[in-house]
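Pasting the structures here.
You will see two complexes here that share chain A, one where it goes with chain B and one where it goes with chain C.
== the complex of A and B ==
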């Protein structure tokens, strides 16, 4: 029973982190209909920056968010204008984005190898005191709880942005119908650029904590995070950022329980569930709601 | 210039000449076919015949020259080229760097003494080291091993650290009929009767490592019946886990947990430890590399877990790194393999004794060597002796020379005993020791076999209130102490720190 509770608590914390990791990817798809296959690489870059801040300035990853988030938001804005509008003028933006960001991901991985080498790097749990906490009678590293808490805060922030701000309203309008939004005077480029910036910043924020709760940081781990994020948003619903949370819960519990009971199956079972979801509900678990913003 | 290179050049020029002649010959027929008439045809035939004779004479001369150069070996050979790979980054960077540092130490020492005597050259030749960075990638290693053989034409091919990065070299060396000198790869699968092009120099074949450990656990059957085995899914660690599992099962101890993993982070080990903890083991054995052991101890600490018996491989092999990068107190009462420099060999007949080497290394670098430093140096010693025994750089002769050394050579790492058919190492035993805290630091105590023990084990291990992080690790990430790739050729970076307490040694 204790192990079952351990798995439950661990999966719950994983779910929060995976939500944050995948949220940005779904936001970009929802607004721009483009698939950012370099999403995981941005997450890795955020992780490297947070680790560097920890090494050189002793920054706790929560503190490092003050640097990581604005910096990567700005990078997102800068990348948006030369890349995305061109894609959206193409005949098939989704496929074009697939190919373009596939190339970007390779380039970023190569750069990461050049700059950081292939070393695994990770944050130290000792950055958080006390080292462990008791949660539902299960002892877990404090770092995991902090990671989950930051993830939940980020998700709430995205929710508030989408539902409580004027820019969020325009963002949702774009998600529902791009042409109608444009006809009603929504500045597509401005709204999309902000969404793209948020997406990159969310990925980098997730990266700041990734080595504490999931895989150690290395140039090649970006692909894994892209794959996980992609699976989560498909399970939840493509184009619906908040469905990401549901997708992450399903993915995390599948991963968490198999990781504890059948570790060798932990990288397989979540994807079997993904296939099952695609077969049963191709639009994702909350697919219909994707158009009801 | 190595003789092989010289030979290749001569043959290559002949082949070029032949091709040019042949091309001209064929071309002339194609472009200006015989114009007819008996006189013109005879003239053409006679010219072709002369060209053919000249080509044949050139070929014979080239062949004879090549044969003579090979036979006498007195080519333009001015040095012996040693080629190896190292991991400048990635999961094997630390251990690979240590091995390379040991090998370079031997090369520098040999060159300082005038080089190695090569009978076929009739003189001492200096050693020249060629290295490539494989970045812990087997794909890169595959390319670079091939480059060492086909582009650099190395005389001596030495594999990178460990079974994972040696694996690509095994087939490549066999394909090119180049003997692979293997310092630290011990996967049993590498050594077969059908492959004479590999020799394991510095490390017991991995399936044999846990034999003494298994005997020890079985001897403690009154205390230990619930055993958890967690192992990395790599050849080196899998072989050890399988051997231990088989031995324990045969003795009536069926492990309560037996799991492979690819985990490399503390986060991943945390969930594995939750599973292990739920089985209430009396002994937990984690078979991994240094980075795995560090993550394992970090996870133990972060999850506030304590086990009565914890065994890891690298607590002993790279004590200084583990001690520095794990939370303070993590290694208290940890069991590990006993190997040099903790075990010291004084009755050696090749190279320095272990203590003498430790002293010279310490005076050179300011800190003592670890096992992989010693393994790299030991590999160099045996390569040198093999070359001198063979008297040439012929790869088959080198393997035969290694076989000759087997059974009658003892180095700072212990007896050199080969399976002369497969090339696997059967000497250099791995005993069991435990780190026991004292007022001055941790003391390695050999606990098994009993006739060689320097103390007794403390079981169950007392629970220690850990401080939560070593000073070096608190403010930085786990891999902070890893040398940057740019500094990887700097030997100083590979030296290990001195032990926390005087090493209690056992002399054989």
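== the complex of A and C ==
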């Protein structure tokens, strides 16, 4: 019974972190109908920056968000204009985005090797005291609880942005009916650029905590995060940012329970579920008929 | 006194990719005027409307709005000048009715609540479903929402693409009544339709056939034209 509860609690914390990791990818797909295959690399870059801030300035990851989030939001804004509008003028923006961001991902991985080397780096757990907390009768690292709490706060912030602000209303308008949004006066490039900036900032924010709750940071780990994020948003619903949370819950619980009861299967079962969802409900668990908004 | 032209489109040719659909079409809409663009399915009405609005870049021709050349202007820039374009798909199905109405006024917030009150007066059903998603509305209610949204936008020019498409005669009548309210408010309108009932609110009529303007005149001249009587009024 204790193992079962441990798996439940751990999966819950994973689900929150995976939601944050994948949220930005879904936001970009929803608004721009493109797939950012370099999403995981931005997460890795955020992770390196947070680790550097911890080593050199003693910042814990929560404090490092004050630097990571605005910096990566600005990077997202700067990258949007030379990359995305050109993609959207192409005959097949989705396919073009796969190819373009595949290239961007390789370039970023190369840059990470150049600057940070190939070794694994990790954030120091001891930044959080006490080292462990009791949650639902399960003992878990405080760092995991903080990671999950920050992730939930970020998800709530995205919800408030989408549903309680004027810019969020325009963003949703763009997701639902692009032509109509333009006819209502929405400057699609401006709204999309902000969404792209948010997406990169969310990835980097997840990266600030990634080495505490998931994999140690290395240049090559970005692909894994992109793959997990992509699986999560497909399970939830492509193009619906808040469905990411459901996708992450399914993915995390599949991973968490198999990791405890069938450890050899822990990296296989979540993807078997992904295949099952694609076959049974291609629009995702919370999706409407494929791409119908 | 001759009214000033609000919209002037001269020699518009447009299409999809390399496929040209309309050739050398010209029209104008004057202040307080309602112009009906009449044509059967596939005659090029929507292409002409989209070409004027900028959804399709015109292959040839110029568009002037209130004397200003807006030919190469992007759709959202034209919208902010006050050109409101509404088509069959002009609602946000995943937003509530209220959010749909607010989105129409997102760049013209002044007097928004007053306009919303007016919309709810004209379409009481919309008030009833204010907090429901537009996807839960019937076809007719969606069309009411679509027209309500144009009222919210406080347009300087209203372009409506087939407002009666898919509607029963009863709902079509309600849409015509709602458009009459807009006409009485002095809003210039360009309406594309294949339903001849809309001539009742039109000041002038253009007939489009195979991508070309084949008739241009007043509503009464249209009714006297033998070819149009035969094709659209079922007389002849």
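Here is the rule we use: the second predicted complex is superposed on the first by the 288 of 293 C-alpha atoms of A that agree within 3 Å, B and C clash if a C-alpha of one lies under 4 Å from a C-alpha of the other, contacts with A are read in each partner's own complex, and residues count from 1 in each chain.
We take it that a contact is a pair of C-beta atoms (placed from the backbone, for glycine too) under 8 Å apart; a residue touches a chain by one contact, two chains touch by 3 or more.
Since we're looking at a predicted model, the values are computed, not measured.
Visitor: According to the stated criteria, A:2 is in contact with first (chain B), second (chain C), both, or neither; which is it?
Guide: first
Visitor: Tell me which partner A:88 touches in the superposition: chain B (first), chain C (second), both or neither.
Guide: The answer is neither, since A:88 touches no partner chain.
Visitor: Of the partners chain B and chain C, which touch A:177 in the superposed model: first, second, both, neither?
Guide: Touch status of A:177: second partner only.
Visitor: After the superposition on A, what does A:96 contact: first (chain B), second (chain C), both or neither?
Guide: Touch partners of A:96: none, neither chain B nor chain C.
Visitor: One more residue to check, A:224. First (chain B), second (chain C), both or neither?
Guide: A:224: touches no partner chain.
Visitor: Name the contact category of A:10: first (chain B only), second (chain C only), both, or neither.
Guide: first
Visitor: Please indicate which partner A:169 is in contact with in the superposed arrangement: first for chain B, second for chain C, both, or neither.
Guide: In the superposed model, A:169 contacts chain C only, not chain B.
Visitor: When the two structures are laid over each other on chain A, which of chain B and chain C touches more residues of chain A?
Guide: If we count touched residues of chain A for both partners, the winner is B.
Visitor: Which part of chain A faces chain C closely enough to touch in the complex?
Guide: Residues 166, 169-170, 172-173, 175-177, 179-188, 293.
Visitor: Of all residues in chain B, which touch chain A in the complex?
Guide: 87-91, 93, 135-137, 259-261, 263-268, 270-272, 274-275, 278, 291, 295, 298, 301-304, 327, 468-469, 473-480, 482, 484-485
Visitor: Which of the residues in chain C come into contact with chain A in the complex?
Guide: Residue positions touching the partner: 53, 55, 74-76, 79-80, 84-86, 89-95, 99, 102-104, 106-107, 153.
Visitor: So in the complex, the part of chain A that touches chain B is made up of which residues?
Guide: 2-3, 6-7, 10, 51, 54-55, 58, 113, 116-127, 129-132, 139-141, 143-144, 211-216, 218, 256, 259-261, 263-264
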